[in-house]
Amino acid sequence: MKDTPLSNCERDFLLKAIEEKKRLDGRQTYDYRKMKITFGTDFGCCFVDLGKTRVMAQVSSELVTPKESRPNEGIMFFNIELSPMASPAFEQGRQSELSVKLNRQLERCLRNSKCIDTESLCVVSGEKVWQIRVDVHMLNHDGNLMDAASIAAITALCHFRRPDVGIQGDEVTVFSPEERDPIPLSIYHMPISVSFAFFQQGTYLLVDPCEREERVMDGLLMIAMNKHREICSIQSSGGIMLLKEQVMRCSKIASIKVSEITELISKALENDKKARKAGERCGFAESMPQERITALKMDETPVEMTDVTEKANDIVHNADAPPQMVPSPVVPIPGVGQVGQGVQSTWGLEEDDEGEEEENDNSGEEQDEKVTRMEEEKLESREGDVVEISDSEEEEVVILNPEKVSKNTGYTSHHKGAAATQKRKRK
Amino acid sequence: MEVYGSSGVSLREFGCEQSLLSRPDGSASFIQGDTSVLAGVYGPAEVKVSKEIYDRATLEVLMQPKVGLPSVRERSQEQCVRETCEASLLLSLHPRSSLTLILQVLHDDGSLLSCSLNAACMALMDAGLPMSCLFCGVTCAIDTEGRIITDPTAAQEKESRALMTFAIDSKEHRVLMSATKGSFSVNELQQCIAVSQSASEKIFQFYRDSVRRRYSKTL
Amino acid sequence: MRYKVKCVCDSFNPRKCLSFPLFLHTVRTAEPLEYHRSYLKENCRHDGRELSEFRTTTLNIGSISTADGSALVKLGNTTVICGIKAELANPTVEAPGKGYIVPNVDLPPLCSSRFRPGPPGEQAQAASQFIADVIESSEVIQTEDLCIDRGKLCWVLYCDLMCLDYDGNLLDACIIALLAALKNTKLPEVTINTETCSPEVNLEKRRELHVHKHPVGASFCIFDNSILIVDPMSEEESLCTAHLTVVTDEEERLCAVHKPGGTSLSGEKLQECITRAATRQREIQKLIDKVINSVKAAQ
Amino acid sequence: MGNVVQSEARGAVRFSSVEVCGNMAGLELLSDQGYRLDGRKATELRKVQARMGVFAQADGSAYLEQGNTKALAVVYGPHEMRGSRSRTRHDQAVINCQYSMATFSTAERKRRPHGDRKSTEMSLHLKQTFEAAVMTQLYPRSQIDIYVKILQSDGGNYSVCVNAATLAVIDAGIPMRDYVCACTVGFVDETPLADLCYAEESGGVSSLALALLPRGGQIALLQMDARLHQDHLETLIEAAMTACKGVSKVLDEVVRQHLQESSVLSGE
Amino acid sequence: MPTDTKRVRGPEVSQSPSLFSCKPAAVLPPHGPRADGRQRDQVDVRPVFVRCGLVSQAKGSAYIEAGNTKLMSCVYGPRETERKDETDMKCGRLTTDMRFAPFSCPERGSWIQGSQDKDLSLMLHESLQPAVCLHKYPRSQIEVNVMVLENSGSVLAHAVTCASLALADAGIEMYDLVLGCSIRQDGSSHVVDPTYMEENSCGSVSSENQGGLTVAFLPSLNQISGLQSDGEMTEETLTAGVRTCIEGCYKLYPVIQQALAKAVRRAAAPPSES
């Protein structure tokens, strides 16, 4: 499905508004949209709402063999899935330019900046390490997917607990959460990406562009930073030409935004921890807004079971009893059988590869075998209701045995003779 | 087989939120206990020439697992949901167009297929697509002692001997879809169908309530 | 056959038609649904079958010598070949005492013009998953039987099902082919060398696989929301409003009641299908047994 | 014959030593005397050698060596749109880039020369760089293809590709706003290092790749990996821009020399 | 992590039991009669079983069985070309697809088409194309699918025969049938229509004249449409080999003709019922 195109007047309107330092949703140039971080029932499941943009991240772990070049390091794998739910323009299973760009940027932001201690993920050096997989699903695309994805991914990583393992000799046991408390990952710092959109060849700049603004922008600059003001990655994209001063200005804005967002994440994580400790229910049922008119909830309800048994018995008893007699199958030669009657199939009974059976058994009684087979054929033709008599199989089958063509013409047009003939020759 | 545990034969608390996403034409998230599925619908819209059907709309269903890429199992579930939706949607009203239904698993704690069906139905309703009837999904499990458990959790599913999911239509309460796992007797099957039919009443009532609530101010 | 054709004529008033065969052909291509309906009205089908009649089922086992077990099944024109290859692998950490069964159904472009080359389409994928589910639900093979050395070594049975001619009712043909091929499979003997801890395989000494159950499927189509027909052909499949496959084993337990949507069905109708499926199971099990025995007798 | 074998063997040894260097922890990338692993000074570029017009059948081509990194760039176009016409732009040319690495270009044999995430990203970056530099508005409804192949990889792949492609575009006679020059710089011990080689890149240096249009000091692409404190960013960008200007001088020389050669050949 | 998400997945790695076989694989003797009793150095092809028109859905189809080698071929078309941009206005297009069933070889193959399959498809295409009157089918394509159900040697040769038979069965206009025959040269001696074992074993010690040769031949035009050889052979050996292959094709010819005649007779016969 194609995305709805942006009309020219819409484009002009948006650019005009940007020139006048106005944004569609009433924000200021450097404002972020309202951000909400929620957690799922599982460890390592996190939702981020950035305005209307919604992203889910889920972290999972698996024991795998490490890469040969790094035998005592765990493996990090990131995957951003541009689900067609987020936008009609996204297609499933296709590596679009956008998905490559986002995936690489996330990898650079979280893996290359070494924010996670991969060495602590090693279980047995060179044999078993944890592979941490981060799946980020885009649920609703309203611009600035990268920032939402990076926030969701790092928050989910902070929230995640991997199962504890025990090593005894060369046996590795994975403990379930009931046996031993799962362990959090050790995280050095939290890189967060901040995006800047440039308009009119870099004259105007906006933070956190929404989908409409992204459509009219010339280029994008993504800066990932942590709260220690360390830059973890910079990436410019789109055909814009930047000046050094612009980059410097963006990096300053980014550092402020990052410290704000980091605080928000920490607060959200703490709240969730408290709620879990208190034994409160967490997850989707809780996160559903009750006050909205579009939402409704129903408590646990019993199901009527009064006449279920009777109803079932009625149906079963009222049904006709199956006939006890079934037609007997016909086995014309060993390895082939037929049952039922009906239409003529284009694959006649005789055409294919029954030769193998005969070749496999080396009983050496070809003569007898042949006789029995002939008998069976006769039998078959007597049972008129089973065999299709319309086509004579002799006519259908052609066999070549070049050696015997001249000498043994009696066989040449009969396939079944072939194997036997051949075997006789072998003998 | 005649003895039922009182705890087994009930539906966990369930809820639904509609229109929660801005991009899709219809969206809904359905929650059954801890199991949760998000559904989004796009359409009727332009269709690819290769998928065009001259007398009705093409419905595509995509199921996204929470971790990893969709596999053969998701494909088979997609087929079940799609054909159920096809039976209830009036597709011939939108010939040569496309409908896309995307289901995103948010959490799986048992009865996933039935939760997906319910989310799909609510999302289709939210998108305002014409349907001949509504449908809902009910999952029944039979435990090792032969008792029927409705709407089982993941733990109950694991311990059960057989698992059946049915889609029931709202008009005649008949079976639209059936997917089973494990082996069971004919009698058990018929009992589970009967249980699902009576459970479907509750869900349809919930559908009606939520629609009434939603349009309470406009009416 | 002649008589049935006559019925159709009456409803269509053939007198207006110039030539009878041409008339039939036109009706079939222009109004396929009407064409089928006119037969169903008379409780028969366009190929002369009753509504609850299966096509001729032909079974040929052991035709592929490169496979460890194989079977070719013809259900009317529909042809499915199943080849089973056994390989050795390490069991998973979660199930150290179990082997693997990996069934895959392929619908190559060869079998019908509706399939394109490339990775399997939705139908093939759904069929693969269905076969995998049937294997698991019916416990036709217990994966514990495939274990050689607990936690170290086990068998993987690759059950590759390939359709050679697609004329409807793929699932039934696949199940029969799979079951017959499994019964035909002989695994070589494996011993673990205690010194080197490596397996040694004796390819000449083979034993049969223990087949615990005999699941057999029966597929149905629902025409016009009410008429049930058994063993649909591909034309009927594309015209009908719902599909249903019931798999039963020899103890009349149901292993799968697979109805992926379509028009609704009442419990009573479903019961009819189950009864028919039970009869079919006996029929096919008898066929498989007889064919297997014929091979054994021939040896 | 023997000679060839020998040189191959030597190559292998060199590569493996590089690999070892890369994995060694706490390797001294900058000695106290201010020399780097390969004996260069901090701001010194690797030796750049280039030739233009290496292919007769292409519209433009160039071969460029920067130290041990070797790249080949070929340009076709501007020509009519090929493939899907829906990408046609009515007001400018579409630039199509493909980046690939020869299977023998790295120490470990590369399985997929192109098509993985990293090379797709590299193609995207090249495309973006040249969209900014080439005067695409002069060729509406047409397409320019740029194919770049890394023959031997020793760090700074992106930069070398950009430099080679610039020469190829010039060779094709396609007007550009300016030379696009790219360079990778690193930051060690508070000192920026220009034009990193593989050993330095993999030795844990925070590296920054920058493509510059030197005359206006405009940045066509900026990419940075690994951690760097914000305060050092300016120094690093400054160093990268200087290095790029250095590259641009070399490129300018190559172009002038090529022009001279070809005018001599054509007898003008 | 590229994984096949469209098939039921098994374990990551599995090995064929034959790798661990306690007995070494039997080595074929380089002299004397062949394992299946045929003669060495003579045009001794395996008995062939051929049949046309098996697949109900296809326009034309053929099945061939030579010893244990079993192949099936289906032809669909002529139909409209899919790729419109490359449409040749004057000429039709022939597409070939040759695949091995996963269970067709002693070692289990993958579902995903390997380079061998693509290579064989291409050779099949080149062998068939000269025989088909493609100019009679402008702007359309004819699809030839070949499935190897069991590989017991000389697959390409039999695929060519089978595919041309299927094309003929589909009523596609052709200049002539195409027949295939292959030999395996092993030092000074050669075997015609080699089995899988003979193809993959190297009997004699000398490295000279080791190779395989497959010839696609148009019998009534007496022309060669495809020739594929691998290994190292002297010029004389190769020419002699080609001659042997042609001879082999002529041995096949009457059988193929007969099968085709039967198929035509059946198709042309008046319908028995109406």
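When the chains are written out, they are named A, B, C, D and E in that same order, and each has its own residue count from 1.
Please note the rule applied: a residue touches a chain if its C-beta (ideal position, glycine included) is under 8 Å from a C-beta of that chain, and two chains touch if they have at least 3 such contacts.
Just so we're clear, the structure is a prediction, and the values are computed from it rather than from any experiment.
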Graph separation of chain C and chain D (steps between touching chains): 2
Chain at maximum distance from chain B, centres defined as averaged CA atoms: D
Averaged-CA centre spacing for the pair chain E and chain B, given as whole angstrom: 50
Between chain A and chain E, centroid-to-centroid distance (C-alpha), Å: 38
Distance between chain centroids, defined by C-alpha means - chain A, chain C (Å): 28
For chain C, residues contacting two or more additional chains: 63-65, 77, 79, 125, 128-129, 132, 165, 267, 271, 274
Multi-partner residues of chain E (each touching 2 or more other chains): 6-9, 54-56, 68, 70
Of all residues in chain A, the ones touching two or more other chains: 311-312, 315-316, 345-347, 352-353, 356, 359
In the complex, chain B residues that touch chain C: 72-73, 75-76, 78-87, 162, 164, 167, 169, 171-172, 174-186, 189-190, 193-194
Residue ranges of chain A touching chain D (in the complex, touch as defined): 69, 95, 97, 100-101, 103-104, 107-108, 112-114, 221, 225-226, 228-244, 247-248, 251-252, 255
Of chain B, residues touching chain A in the complex: 1-2, 4, 6, 9-24, 27, 29, 31, 33-34, 36, 38, 40, 42-43, 45-46, 62, 64, 66-70, 98, 100, 102, 104, 106-107, 109, 150, 186-187, 190-191, 193-195, 198-199, 201-202, 206, 209-210, 213-214, 216-217
Of chain C, residues touching chain A in the complex: 47-49, 53-65, 72, 74, 76-77, 79, 93, 165, 267-268, 271-272, 274-276, 278-279, 282-284, 286-288, 290-291, 294-295, 297-299
Complex contacts: residues of chain E adjacent to chain B: 3, 5-9
